[in-house]
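The following pair of complexes shares a single chain, chain A, combined with chain B in the former and chain C in the latter.
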Partner chain A sequence: MIVLENVSLTYDSGTIFQKAAIKNVSLSIRKGESVSIVGKIGSGKSTLVQFFNGLIKPDSGKVFVGGEDLGSKETNLKSVRRKVGLVFQYPEEQFFAETVFDEVAFGPKNMGLSGKELKDAVWQSLSDMGFNPSDVANLSPFGLSGGEKRRIAIASIIAMNPEVLVLDEPTSGLDYTGRNLLIEYLKNENKKGRTLVFVTHNMDEALEVSRRVIAMKDGKKVFDGNSEDFFTSEELVYGIGLDVPFVVKVWKKLKKRFPELPFCRSSKELVDFLYGGPAR
Partner chain B sequence: MKARFALGQYTYTNSLLHKLDPRVKILLVFSLVVFLFFVRTITGYLILFVFACSLVVLSKNSFSSVFRSLRPILILLLFTAVFQIFFTPGRLIFEWRFIKITAEGLRLAIYISIRLILLSFFTFILTSTTSGIELTDGFEALISPLKIFRFPAEEVSLMISISLRFVPVLFEEADRIMKAQMSRGAEFNKGSLVNRARSFLPLLLPLLLNALSRADRLAIAMESRGFVIGKKRTRYREMKLSRLDYVAIAITVSVFVFALVVKEIV
Partner chain C sequence: MIRFENVFFSYGDKWAVQNFNLTIRKGEFVALLGSNGSGKSTIARLANGLFLPNKGSVFVDGFSTSEIGEELKAKVGLVFQNPDDQFVGTTVEEDIAFGLENLAVEREEAKRRILEISELLDIGKYLRTSPSMLSGGEKQKVAIAGVLVMQPRYLILDEITALLDPVNRKEIFDFVFQLARRKNIGVLYITHISSEALNADKVVVLHGGKKVAEGIPAEVFRNFSLMESVGVSVPDSFYLSNELYKLGITTKDVLNEEDFLKIL
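Up next is the complex of A and B:
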């Protein structure tokens, strides 16, 4: 679905501010996958995902989306952006419309939808994000809570019905419930078949959301593979300057006592196992 | 694209010019720029040009960055030069149909161009060797005598320093919001003028809202750190004239007087 070949990017090249942001990264994301991109702040995660819908172009290397070369002049970037929906960090800071409906409808309208089609798209995406559409459609998006705003912002991308949903730190600044709700909806979107790319520096979330993890350090890809392999290797995780998820730390201790304990991706799974069924 | 704002040309190269007192630098550049228009000879300008070039070398800046800083004024330069050439009355030296060029016009055009180029050379040297904080500190010190006329010197310089500080932030944010709206299918450079103007609403509105809320947060942060308007504050950097500053003043003044009184040699 998304393929990067030897992609490199340097900011402000030729000046003294020159800074290599991405160094020779190759990767491929298949349809229906869920991938977490992890790394410290400034490791190039956010820059990396902006290649995925052609917002930035690499200095060297190639980017393909659905087989189309984004560097080619014939490629329609608008249709690429419809395929790859990118949710920026703090997306609610880009709100401008008077009502939730208009806010969510901005994307699909730009894609040429109107009338019933438009309304259906908005309604569907709002209910996908856990809202009762008729309750919120006429409210001002600015009056909602932080978690609600975040979900509206994501709904406005989902309303374009992208095949790939890319989210840059979607949980930062959310409260506990808001975060949990969002993670559930995202996992659900992936289950329904939408490809999910999840950028985060929260290791517990990365483990919970994705089976595959890509780790970035100083603009280079340093790991790409199974998230279980990654997070159970302290050497790997600490080497990149990240922390082992809390769940994995507890799981490792428990594993010594209960050798039959399977790998757990979230505290919920851990508790479920220990209580022999879904916890209260 | 990262918006690197032209005002923030400050680059730390630890040269002698960086060590000068900002007040001295501001005053010298200011007077140079004003008195530039009193020099009447090409030789005088040549001397100033050599002086400006040696300052660039002394500031350890590359000449390419100086020329890059000239780029924004290029259109202004061409425009004024063309106007002077064609619309100054005087002794005709060239005529073709309605185009008339006079000796005085040509002379004026050359002078204006040299003046504008020198002007931006000197201001470049000032802004590339003086950080934003030093500039506003220097500016505040220079306008503080106006306080006896109840002029709010501290507030004005605070306003300047906050605006300078947030210009790059605004540019970066505009870039970010633009990209985010483009991800939602927005296009900013297509369609009729009205459509184009309307397409900027999803950019301008969030930009304004975020700026207002940032201003709010900044005010609270400043107050919670004990800032009170009009109250006397002490400084981390005490500005003090050193021997280097006196040397700089002496050299600049003498070069300048020389440029003013020198006779035309060509």
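Up next is the complex of A and C:
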């Protein structure tokens, strides 16, 4: 679905501020996969995901989405952005509409939706994000709290029903309920076949959401593979300057006492197993 | 100390903060938790006089925030939830220096402080860069530096680790936590990461603009049903510790991650 071949990018090239943000990265994300991207601050995660829908063009290397070369003149970037929905790190900064309805309706309207179809798309995505649509539709998006804005911003992308959903730290600033709702939503959408790319600083979330993890360090891809292998290797994780998920630390200790304990991706799964619940 | 007395605040037709009372003493680390929209950032802005209460009062060292203005901003440093709301300078260095100029801090002293804070937070390498060219987490660190450099007596920190990786998060958290102790600064620490509240002197929980719990972490978090009903998570360590204890796998019920891993 998304392929990067030897992609590099330097910001402000040729000036004293020049910064090599992405260094020769290749990767391939297949349809229906769920991939979490982790890495220290400034390691290139946000830059990387903006290649995925053509918002940023590499200095060298190639980007393909659904087989189309984004560097080619024939490629219609508009249709690529429909296919790959990107939720920015601070999406609420891009708000422009006077009402929540117009904010969320903007994308689907541009895709040609109108009337009942449009309203249904907006209503559905607002309720997917935990709102009671009629409560918020007429409010100004600017007058909401930080976490409320974030969920509106996510709703405005999912309203376009993109094949690939790319989210850049969507859970930062979300409360307990909002975070759980979003994580469950993402896991569920992926189960239904939607391709998912999830950038996060929360290692427990990365493990819970994706079987595959890509780790970035100083603009380079330093790991790409199974998230269980990654997070159970202290050497790998600490080497990149990250932390082992709390649930893995607990699981490792318990595994010594309960050898039959299977790998657990969340504390809930762990507790369920110990109670002889659904995981067993 | 900072004292909220029966404070009400509204943006329009409904109260964002209602009948709120709180004391933050010097040297005290107070964690403020609550679901999205519960009023945390509003309280942050009331604490440094950016907003004035519609009813009730906020006192800083005995003076009402409605009586003193500019002076207060130097005394009560506020780091915003969104770092972009905070930037004023065209370079990171100018940005950090801005507050110091307003305080009329001497040039040499200003330089010294900027150097010190940039080393401490490891942001020296971007001093000449524009804040707009930084990554999310880099911006967050710069925003924190801009407030710390003014050496305020009180710090109001609104979700300042939300954009940081685990190692930076721990470093910054430990640093501001120690500040309360070492420099006798009163800290109001707003967060959704409830494990960050585990060592606080006091935890306050908001819901719909009202205070619904206040106490030491162990007491507040032990009220699972209240936390659940107001949409605030209990730390994973506390949750797991509690479950494993009930299952008889551990013999003690502990609060924080290190203690829990030790008894496993």
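Here, the second predicted complex is superposed on the first by the 267 of 280 C-alpha atoms of A that agree within 3 Å, B and C clash if a C-alpha of one lies under 4 Å from a C-alpha of the other, contacts with A are read in each partner's own complex, and residues count from 1 in each chain.
The rule is simple: contacts are C-beta pairs under 8 Å (C-beta built on N, C-alpha and C of every residue); 3 or more make two chains touch, one makes a residue touch a chain.
All of these numbers come straight from a predicted model, not from anything done at the bench.
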Checklist entry - When the two structures are superposed on chain A, do chain B and chain C clash or fit side by side? => result clash
Checklist entry - Which of the two partners, first being chain B and second being chain C, lies in contact with A:Q50: first, second, both, or neither? => result first
Checklist entry - Does the superposition put A:E93 against chain B (first), chain C (second), both, or neither? => result both
Next on the checklist: One more residue to check, A:R81. First (chain B), second (chain C), both or neither?
Outcome noted: first
Next on the checklist: By the touch definition at the top of the document, which applies to A:S36: first (chain B), second (chain C), both, or neither?
Outcome noted: neither
Next on the checklist: Looking only at contacts as defined up top, I'd like to know whether chain B or chain C touches more of chain A.
Outcome noted: C
Checklist entry - In the superposed arrangement, which partner chain does A:M160 touch: chain B (first), chain C (second), both, or neither? => result first
Next on the checklist: Quick check on the superposed pair: does A:Y11 touch chain B, chain C, both, or neither? Answer first, second, both or neither.
Outcome noted: both
Checklist entry - With chain A superposed, which of the segments 59-67, 77-85, 221-229 or 239-247 in chain B collides sterically with chain C? => result 221-229
Checklist entry - Which parts of chain A are touched by chain B and by chain C alike? => result 11-12, 16-17, 93
Checklist outcome for this item: The chain B residues in contact with chain A across the complex are 2, 4, 11, 65, 176-177, 179-187, 201-202, 205-206, 209-210
Next on the checklist: For a test of understanding, state which residues of chain A touch chain C in their complex under the given definition.
Outcome noted: 11-12, 16-17, 19, 39-42, 46, 89-90, 92-93, 143-148, 151, 169, 172-179, 201, 203-204, 241-243, 246-247, 249-250, 253-254, 257, 267, 270-271, 274-275
Checklist outcome for this item: The answer for chain C against chain A in the complex is residues 11-12, 34-38, 41, 81-82, 84, 128-129, 133-138, 140-141, 159, 162-170, 192, 194, 231-233, 236-237, 239-240, 243-244, 247, 249, 257, 260-261, 264
Checklist outcome for this item: Listed in rising order, chain A residues that touch chain B in their complex are 11-12, 15-17, 50, 53, 55, 78, 81-82, 85-88, 91, 93-96, 106-107, 109-111, 156-157, 160
